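Both complexes below contain chain A, partnered by chain B and then by chain C.
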Partner chain A sequence: MVENRPLANALSHLVLVLGVLLVAFPVYITFIASTQTAEQIVQNVPMSLLPGDNTLQSYKLALLGGQTEYGSKIPPVAPMMMVSMITALTIALGKIAISLLSAFAVVYFRFPGRTLVFWMIFVTLMLPVEVRILPTYKVVSDLGLLNSYAGLTVPLIASATATFLFRQFFLTVPDELVEAARIDGASPMRFFWDVLLPLSRTSIAALFVIQFIYGWNQYLWPLLITTDESMTPVVLGIKKMISGGDAATEWNAVMATAILAMIPPALVVMLMQKWFVKGLVDTEK
Partner chain B sequence: MAVEKRVRFKSWWLPWVLVAPQMAIVLVFFFWPAGQALFQSVLQEDAFGTSSEFVGMQNFQRLWDDDTYLASFKTTAVFSVLVAGIGLTLSLLLAVMADRVIKGSGFYRTLLIWPYAVAPAVAGVLWLFMFAPSIGIVSFWLRAMGFDWNHLLNGNHAMTLIVMAAVWKQLSYNFLFFLAGLQSIPKSLVEAAAIDGAGPWRRFWTVQFPLLTPTTFFLLVINIIYVFIDTFAIVDAATSGGPGKDTAILVYKVYFDGFKAMDLGGSAAQSVILMAILIALTVVQFRYVEKRVNY
Partner chain C sequence: MGAIALRNVEKTYGFGPKAVKVIHGVNAQIPDGEFIVIVGPSGCGKSTLLRMVAGLEEITAGEIDIGGRVVNQLEPSERDIAMVFQNYALYPHMTVYDNMAYGLKIAKVPKAEIEVRVQKAAKILELGGLLERTPRQLSGGQRQRVAMGRAIVRQPQVFLFDEPLSNLDAKLRAQTRLEIQKLHAELGVTSLFVTHDQVEAMTLAQRMIVMNGGRIEQIGTPEQVYGKPESIFVAGFIGSPPMNLLKGQADGSRFTIGGQTLHLPAPAPRAGELLLGVRPEHAELSSSGWPMQVDMLEMLGAERLVYGRLGDSAFTLRIEAVLTPPRHGDTVYLHVDAQQMHWYDPATGRRV
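This part shows the complex of A and B:
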């Protein structure tokens, strides 16, 4: 702060509070809707802005599924949460593992084709699934991976961002450490495990947050390759629940599902905020 | 920073083993399908997928003549400009304010960053619910003010809806980068300007904003990529490309033509065009990053 201007400071706080409210409002509405009954939401327009008394029933209906009064079936969200969790963890850890290994190879070895390998990984940045939808679907289908965890995760595990971040970090590790390891007769993998990996903890934590969210929030890819209800991630499940139109939708269950779908990634961001912010800014360098 | 290590390990096989997993995935799930898209884009397949013939540039020619494709281009362009423009302005405003306050800056940051964690599809559903013509609370307020909101019938309303959801979802990302950029500006520069008698407004435009140019430019490219790629889920969840094709952005059209309309050649040709756009954007982004290192 350069000088003290009470009026300007008050204005700053006002803008920030408005910003926070704007950001929070949609989620507040979602939460309120999840505490009411489907009838209350559809019949009392505008809906009440205070929590209703149907919270437990809404979340129970969402988590375990069930029959509505109109006879339509609500699929249980609990298994979807499980699918999302397994997918997100596999993608995050898988990306970190293979990127650590690739970055180690590219930085600490000289081998023919090293530059080519580096460029091939780089080019994947420009080829996300979204721009090559059909042929990628075809490959996965030919390999018999539709409706499987392997199909949901493996095609998304390659990571240029993670490889670059680890490469950047390895380049800052002092050469003396390698020399010392070599004098002590440590093999490359020994050096990797005992020296490099412990040093990379912060980068790993940062990437974990970003990649976990990436994995949890996947939408298009599961939409393409999962037809089986038991392999539907929760983010995709929500969309399937609203496709019947306003009146036929059990909005309280949908909104409860939305809240449930937001909790794990939001928790990861909030609890690991320090690493998350660092990782986000670092990966883009 | 060094680009090369002076000290290395020696092994002729180990590096290959180390890069093998990543290479396998890259080749099977990235390069092969991308090559297939290129290949398919010059073929015409019959409806049953039993035979295909080489048609050269015909698929591209067909796209060029296709009004809905050109309309989709325009939709994507409008969507990008609105999301990047509104999103960057709002987040810059918030970042400047958060940079100004001494007390509570961390607190505000915590409360502003979590939409990053919300899935685009969920963001789409949240905003859809608030603006649903019959039951939405905001659409009710709008009607009370004499504005008849219906994004199911009005293309402009639908576009407004997805722009709001997309801006909301991306706000935290932009905010974090602007805040980091502002905090990396040396305090002495701002103080010197203050001593020279420049007020906060003047200081922002003559000192802080010019020094933020790299961040702003970087975020502009990232936001355009975001709109091209990641907003598919928002569009699919909130409007399904409708009404009509008024919010069918390019990626949505690739998906729709390939999976719903089964036009393989056309979808592949669109994929190739999207790849070209994305490659151009990435090159711009990285060329600039190299410049920033020297800067």
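This part shows the complex of A and C:
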């Protein structure tokens, strides 16, 4: 808008600031809590909104785990972060690889049942993970994949959304490009590598961001199939730290873990922001 | 070397009752080094024919022979051809250099050789300073030249052009036309050029193929096609404004159209119903002759078009602008030379 109206300006800023506060305040609380000691959090009611002096100890306790003075045992978060990282990366990259290839097949090859295959992929879009979670669990457990990276990632890799997205993108690539590549003597896979893949860069980046976060934030599925502590992703770790019953919850460690769990997805979004927006907005042709 | 032979080439889309035949048995011989233009209205099958030569469309029946080799079963890359597309089809993410070098890289041509060929093509096409740019940083004319460069570096037996000028503006088109002509004179490679623009066809072609409805209407030099159109279609398609076609009864030196009898300078080839064709530029104003009722005038600069009626048929006349023009409602008299009359059989559409 080009008009200059101070009142409208002030009002829109007010709304924006309120929005930011609403979203940012819980994160701030989490951060403040992670800088205080467990006693400070529990005893001061309401909790102090100023940073405490226990930052290093809280994060050290969370990352490396250990015994607290009240005797509750805190599991180390560092290995959980590793599990989450490996899972999220495998899911994101696996999804991208599989969907690129299946979209390539659906768009560029004529084979019997092509439309049927596409529609079958498309229909699975309508099924959320939760609907098929029990049969999937049965299959994974029969295959002996409980408490393994394969069990954590493989069932989540197949993705109708990504396939659909790439299909739509491939359909916008002009046919003449394929024909020019054929005249240049490029085999289908060569065309895929040399032409299609570079053209899809921005879509791939956008999808990577979305899928990394999707993989990182998985909760229900890891909850079902991991019992071993060494295979616990960090999101699940937070829940496990909040002990019920008699044991005291070390809130500073919980909050530190929450902050730690937030960092990688936030980093991915920030570092890939330029690509991400480009991938969603323009198509490079 | 790069001679092309089309033998009874047919193309059908679909199967069974839904099959649509778009090319009906085309035959043509194109000697090595010739520049051939295929021209026709949209949907006449000219692009399909070109794509069949390129190997982008399957050949339903018949044979295509390039350089003495039947290529029906060969992949496009094995046919020793290069193609320039209407929208250029440059790889958007590659530099101009890589666009031109891509085919050679796949063919595993040594790097040094690629460098030499690309530089040479760039020099011919004056692309020297643009080799590191990507296509999006180029103007339409420059993209067009890159597309031609990509064809040149392959050193093929045959160049195929699929309406390469239709995305350019009028001025650039005329300029590029000359460049293509120069290029052909320099390289001497057999070229097949598809267009719907008769000016392009007339100016570029050594010989042209006029197509209509999936059939060849006429093959010949531009002079032959213009001077002696073999069918009503060609007569109406080549030349602007098109040839006047008068339907009437011929009887010796008399030709009757809608109650009006014209005296012919030479007798008609046969008696009975015939179509008489006269180009607008071949009828002259005269003090006596065929009477034409003037309806409308158009000024074109050097020339003037006079629209009118001869008997019950429309007739267009092209006169020099310096002549005093007739006025609306006047009756003028036309003189036509015996050599400038074309006769067609209305039943078959062929020349009599």
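For the reader, a short list of remarks on this structure follows.
Definition applied: the second predicted complex is superposed on the first by the 269 of 285 C-alpha atoms of A that agree within 3 Å, B and C clash if a C-alpha of one lies under 4 Å from a C-alpha of the other, contacts with A are read in each partner's own complex, and residues count from 1 in each chain.
Throughout what follows, a residue touches a chain if its C-beta (ideal position, glycine included) is under 8 Å from a C-beta of that chain, and two chains touch if they have at least 3 such contacts.
Because the structure is a prediction, the values reported are computed rather than measured.
Of the two partner chains, neither chain B nor chain C is touched by A:150. Looking at the shared chain after the overlay, A:19 reaches chain B, while chain C stays out of its contact range. Contacts of A:78 after superposition: neither chain B nor chain C is touched. Of the two partner chains, neither chain B nor chain C is touched by A:271.
In the superposition on chain A, contact is made by A:105 with chain B only, not with chain C.
Touch criterion met: A:198 reaches chain C, while chain B stays clear of it. Set side by side, chain B and chain C differ in how many residues of chain A they touch, and the one touching more is B. Contacts of A:64 after superposition on the shared chain: neither chain B nor chain C is touched.
Contacts of A:179 after superposition on the shared chain: both chain B and chain C are touched. With the contact threshold set out at the top, residues 179, 182, 284-285 of chain A are in contact with chain B in one structure and with chain C in the other. Contact residues on chain C toward chain A in their complex (touch as defined above): 54-56, 75-78, 81-83, 85-93, 102-103, 106-107, 150. Chain B makes touch with chain A in their complex at residues 1-3, 5-12, 14-16, 18-19, 21-23, 25-34, 36-37, 40, 90, 93-94, 97-98, 100-102, 104, 108, 110-123, 125-130, 132-135, 137, 140-141, 168, 171-173, 176-177, 180, 187, 190-191, 194, 200, 203, 218, 222, 228-230, 232-233, 236-237, 251, 254-255, 258-259, 264, 267-268, 271, 274-275, 278-279, 282, 289.
Considering their complex, residues 174, 176-177, 179-186, 190, 194-195, 198-199, 201, 284-285 of chain A touch chain C. Against chain B, the residues of chain A that register as touching in their complex are 1-3, 5, 8-9, 12-13, 15-16, 19-20, 22-24, 26-27, 29-30, 33, 41-42, 45-47, 49, 97-99, 101-102, 104-111, 114, 117, 120-121, 123-128, 130-136, 138-140, 154-155, 157-159, 163, 168, 171-172, 175, 178-179, 182, 188-189, 191, 213, 216-217, 219-220, 223-224, 235-236, 238-239, 242, 246-247, 251, 254-255, 258, 261-262, 265-266, 268-270, 273, 276-277, 280-281, 284-285.
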